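A quick write-up on the structure given underneath.
Each chain carries a letter (A, B, C, D, E and F) given by its place in the written order, and its residues are counted from 1.
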């Protein structure tokens, strides 16, 4: 296993759990051009590395993530194309590219658990909306900040968050950009659990991750694929896809290994 | 700006906020033929009037809305067509037309905030399900009343409410028509907030509306379009649509105006 | 009315309410091959029997349902086909068949209320996800157990539950298989209400069922069809389908019977 | 029956057949702002007028239709909005409006037969793609002209024509704008039949229209609705929609009237 | 192998080819209640019988199929339900059931080749639209006859035929019910080939069937599933489904058997 | 412009036209692992290189393309995974990757014209189904060869070809793998034109390409995007997408440049 070396993210893999830290603490982990690209590199690697079964995404320093680095807007505004329609096409290509950077988190076949402390705003929301589950500290706060800088959020929040929180609050948060504290985040379903502080949170989330890492990795990957597929298809289509999937990918050897281990009072061990 | 004069609705526009009142207080704001038509006229106007950036929908008198005026059923039953299949076709056209009246609320590109006091039943639920957010008083109560008059609700409740409240309670409310009080409405996500009384509610909702009216109107309209689009499409399709939208409609001038104003400690001002 | 006689289910129909009991108490109501088949037989019969207007599904004995009878995996593993790809095709056909067994619950045109006590795990979750509403006792507990036996759940949980509970918790439950107690089930929206014990629950659920049985059965069936349709289609498509449905199936005679009865202070009576 | 008086279209209704002529012969029937609006007015009226059972759309003068009047581009370019993103939003609204003008042809519940002579280019193709069938004279020629004026065709050709002609030729015609003569149009399936000249064509198309006008109008309207629905939905969805439609709108009285008339050697007569 | 004995269909299985004959020659093979039911029984059996790899559907007697037996309309009209809306619901259930009878042809996993001579009208068109390919004699003629008896065709023609023939002619045939002769059927793509007479056709179609029966049956079944899936889904979805399918159901043993046989100049033999 | 150097493809760009040759003439241009990867590299580069406006794909040597190099099956069969379900997952990933290689042709925003001579079978069909148009020589022949090696075609033919040729013949070709000669390919719509020999074909296709290269490149790219989008979405969705697209990407400067040039009798010149 050769862990990629990245300038804005740090990666540690222990006991099948990859811990990925946003690592620009001096810049409140704001997302600059390098971080956007490296998120894609990182999660494509996590997807392909058999050793990794589950991922924790967290932040170094005081903030989880302050959103997009505003310096990036300069790039968006300055293009070589002199003509408006051609500039529009280039901007579309650029947005598609940024969306693709974050979609790599969702397309990683292993569950991704976001562990969020203090600030999580703007692009940070787009990012955690791509994760499987979200956990936070008592001092965490969230804001769909894009509306406050005069733009329609365009890299995932408006597309994915409505599946996570209710429609009524979703719209209020998107139109007003108002701040949501940890407790409200919990009651909205935005996070699964609130912990006292960052240390406690990381310990608890690591325990959940360990639990997942002990399951059949193939079954876990299948579960993620099915949940993503179900979100975007009818129940009938999803059932058919499920049957076709398990036709080849239901591992009888995992099922029997579990049965045998359980019978012996043992913990089953699985191949990656 | 020429505000339309309507017999069943009153409209006031101040500081970019349109306040639309259901205005048949003597009839508990029940929805007669005129009101159905005027809702469409009103919201098409609100959509097209640049001055308007956000809308509040509330009720005059004791009740928010007692639902469809039962006198309308007479019209549905009496038609010139002597033959059953032709009557069925005419009824289909009539229902499509009523649906279109309410869909104008959803298709209005500006956020619509429903401020609900006391009674909100039957057609009133269909109506608020078309709004972006819902707020109510402590004495408000809700009921999907259609089932109690022997019919399947057909102008939006069964189509839109499942995106707002959970599936399990949705079905119970639809099958039983039972009354939901303000507190339960809040915990179901049917409303975003409960206020002590009508006056307090209108003040609070006006403040939320003011907050929205101060954002870039173009970004707010884009946000509404994206949330509606996402509801009905896959995440992949929604991301692509978003990129195509912002290619032309991301206003760099709004983004830079915000940046500049913020830098000066100023409030940014936007064109409509 | 000729009630089918089944070996794993018992059926009682009184006052338009069918009570269906999982009836393998000695085996914790685990689902063996007979039960899978009989669930389909039973719910197709309930769908077609005019006398039945609403269904309660509950369990005899100590447990509601311990999930699939593990003996069934033997059948899945042993097939006559010597070749891997042909075994895969046979497994796909088998899974489609089991899915069809449970889908009969959803396709039954009458509302199905699950009354759950104590154990509800694995296949039991797939089963209650096909029901319209879920109610439970204070000692009930739930677990998406499939992940613990090394498999991706394939007969409905991953396809239907995301419409019932929020996305974030859905994934945690599916990846970890952790146990959810009654109170959490309520706050997640997995159940609509928690009752002290089985007796109290059955009484309360019977009352809800009686309430539904007193409505126009045709309107209730239409409501179920619309909610299922809306789940899988865009709002625009759902509105059009609704209008087309009510064109023929809005019963003016039910509406007028209700009006007349209400005017007299009477309870309306409906044809099946 | 009060036929609308329009400046750019003439309408004649005889024997249940409406003949609508594009009537700007001095301008090669190019589509100016008035014509776009009047097409919508006209086809909404044709939809609602019970007397009308089938429509023929043809052109007065030398040409069927020379496409959009280029003067309209001036309007598109000049807007009050000073800012690029706001101009883009206005342009989007304008295009949606032009699309709606033509979609009225498709949404008219009665079959629309286009009878095309000589020139049919640009917007003329968008228009005939909304019709049910197309017939032409031997001297007719067709061109997706938009590409030749530097734009992507945006009012229906690229959306509807691929259902009418094969994908391979569709793309060639769209990318090159090359001219298609009558014979090739026939072999591509763009037209159903080629006639010697305009007079012969109008006579033949009128005969086809008479044939349709003699059928049960309700069954014809149902047929059009089903064909449009099938184009945009899966076969399974379309079958279900069909069953729901005919539940109310299969006219047994029309079926029996036909049987009776046929038995007597008579021609059946239907209500509108 | 136990071939089902049916009153309206005859079945012969030789060399992996099942020949199914419509067998009411005295009634022009019109489809009575028994035939509708038996078509479903027959094709479900053909689907499940491993011996069968391909099916030929043809007619005994003078006609291929004269469509629905008009006596069935009596049943549709007479129901016990006194009330219009309930009659509508019963009619919907009836139509869904008839659709299901024919859909069994499409859902049979083995290719079905229709061999058509002389008359094929009304329900006969619905039936052949469910088949994979269609072949006919020079004297064959086709008509979407439903419009001539005052009804909208409701068991498959309007849903499936548009994928087989071009949109423009599809609509003309559906609105007018006009007769299509063999040559036009060929040029429309309605049939793949025209043969001189019934004998020659049956010989030629049997040869095509033999060709198919000699391929890997698993690969043929996969091909049919993919073509049906592609018809109803986006290309992106279809590619993903294909990959998931072949993950389990690509038979390396068939591929290697072919390679080996080919190397030896042999004909490969496959398991069913 | 830096043209990529590839081992299995050669690329020449002249006058905005890129000519890409399959360049393994000694192996009948069969697709080995390198060629699959390089097709993706090549078409991603063509997509991004502004100089390129249109692409011609043709073959060096005697054959256009003999399909997948059978040596690749060895890789598919041999994997490190010992367990069947894990091998299935790896195979799924491999197929998705091969599909992605070819989808790069479709996703290239510039039109791709396939010029086919002599052999085009198996993977060659998958490849040309990704192109915009297809042209061939009189001696060309086509075969969906996969069925003859015991497999279901899985990299695009079954997903894309049904949009190009009629359903009835599509299925016959897929089930039988029979050879289609140039003339039949033309009448099926598989190719747009047949030319006498390779030289004549390349000259003619280059002329079509030159014609396209002279149009506004932005309008051409928009046209391709719309045709792809329309294939996979409803007409209503496609119209809305079109309007949103042109809001930003309708180039008024291209339209006016065309008008001006035309007025002067000039050929308009466009930016890339």
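Note that in this section a residue touches a chain if its C-beta (ideal position, glycine included) is under 8 Å from a C-beta of that chain, and two chains touch if they have at least 3 such contacts.
Just so it is clear, the structure is predicted and the values come from calculations on it, not from any experiment.
Comparing chain pairs D-E and A-E, the larger number of C-beta contacts belongs to D-E. When the contact pairs of A-B are matched by residue number against B-F, A-C or B-D, more than half turn up again in A-C. Chain centres here are Cα averages; for chain C and chain D they lie 47 Å apart. With each centre defined as the average position of its C-alpha atoms, the distance from chain B to chain C rounds to 33 Å.
Chain contacts: chain F has residues 84, 88-89, 91-92, 231, 233, 236, 244-245, 247-252, 254 touching two or more partner chains.
Against chain D, the residues of chain E that register as touching in their complex are 70, 73, 76-77, 88-89, 91-92, 95-96, 99, 103, 146-156, 158-160, 162, 166-172, 174-178, 231-233. By the touch criterion given at the top, residues 233, 237, 241, 244-245, 247-249 of chain A touch chain E in their complex.
In the complex of the two chains, the chain A residues touching chain C come out as 111, 132-134, 163-165, 189-192, 208, 211-212, 215-216, 219-220, 222-224, 226-227, 230-231, 234-236, 238-240, 242-252, 254-259, 268, 270.
Contacts from chain C toward chain E in the complex involve residues 81-86, 88-89, 91-92, 218, 221, 248-254, 271.
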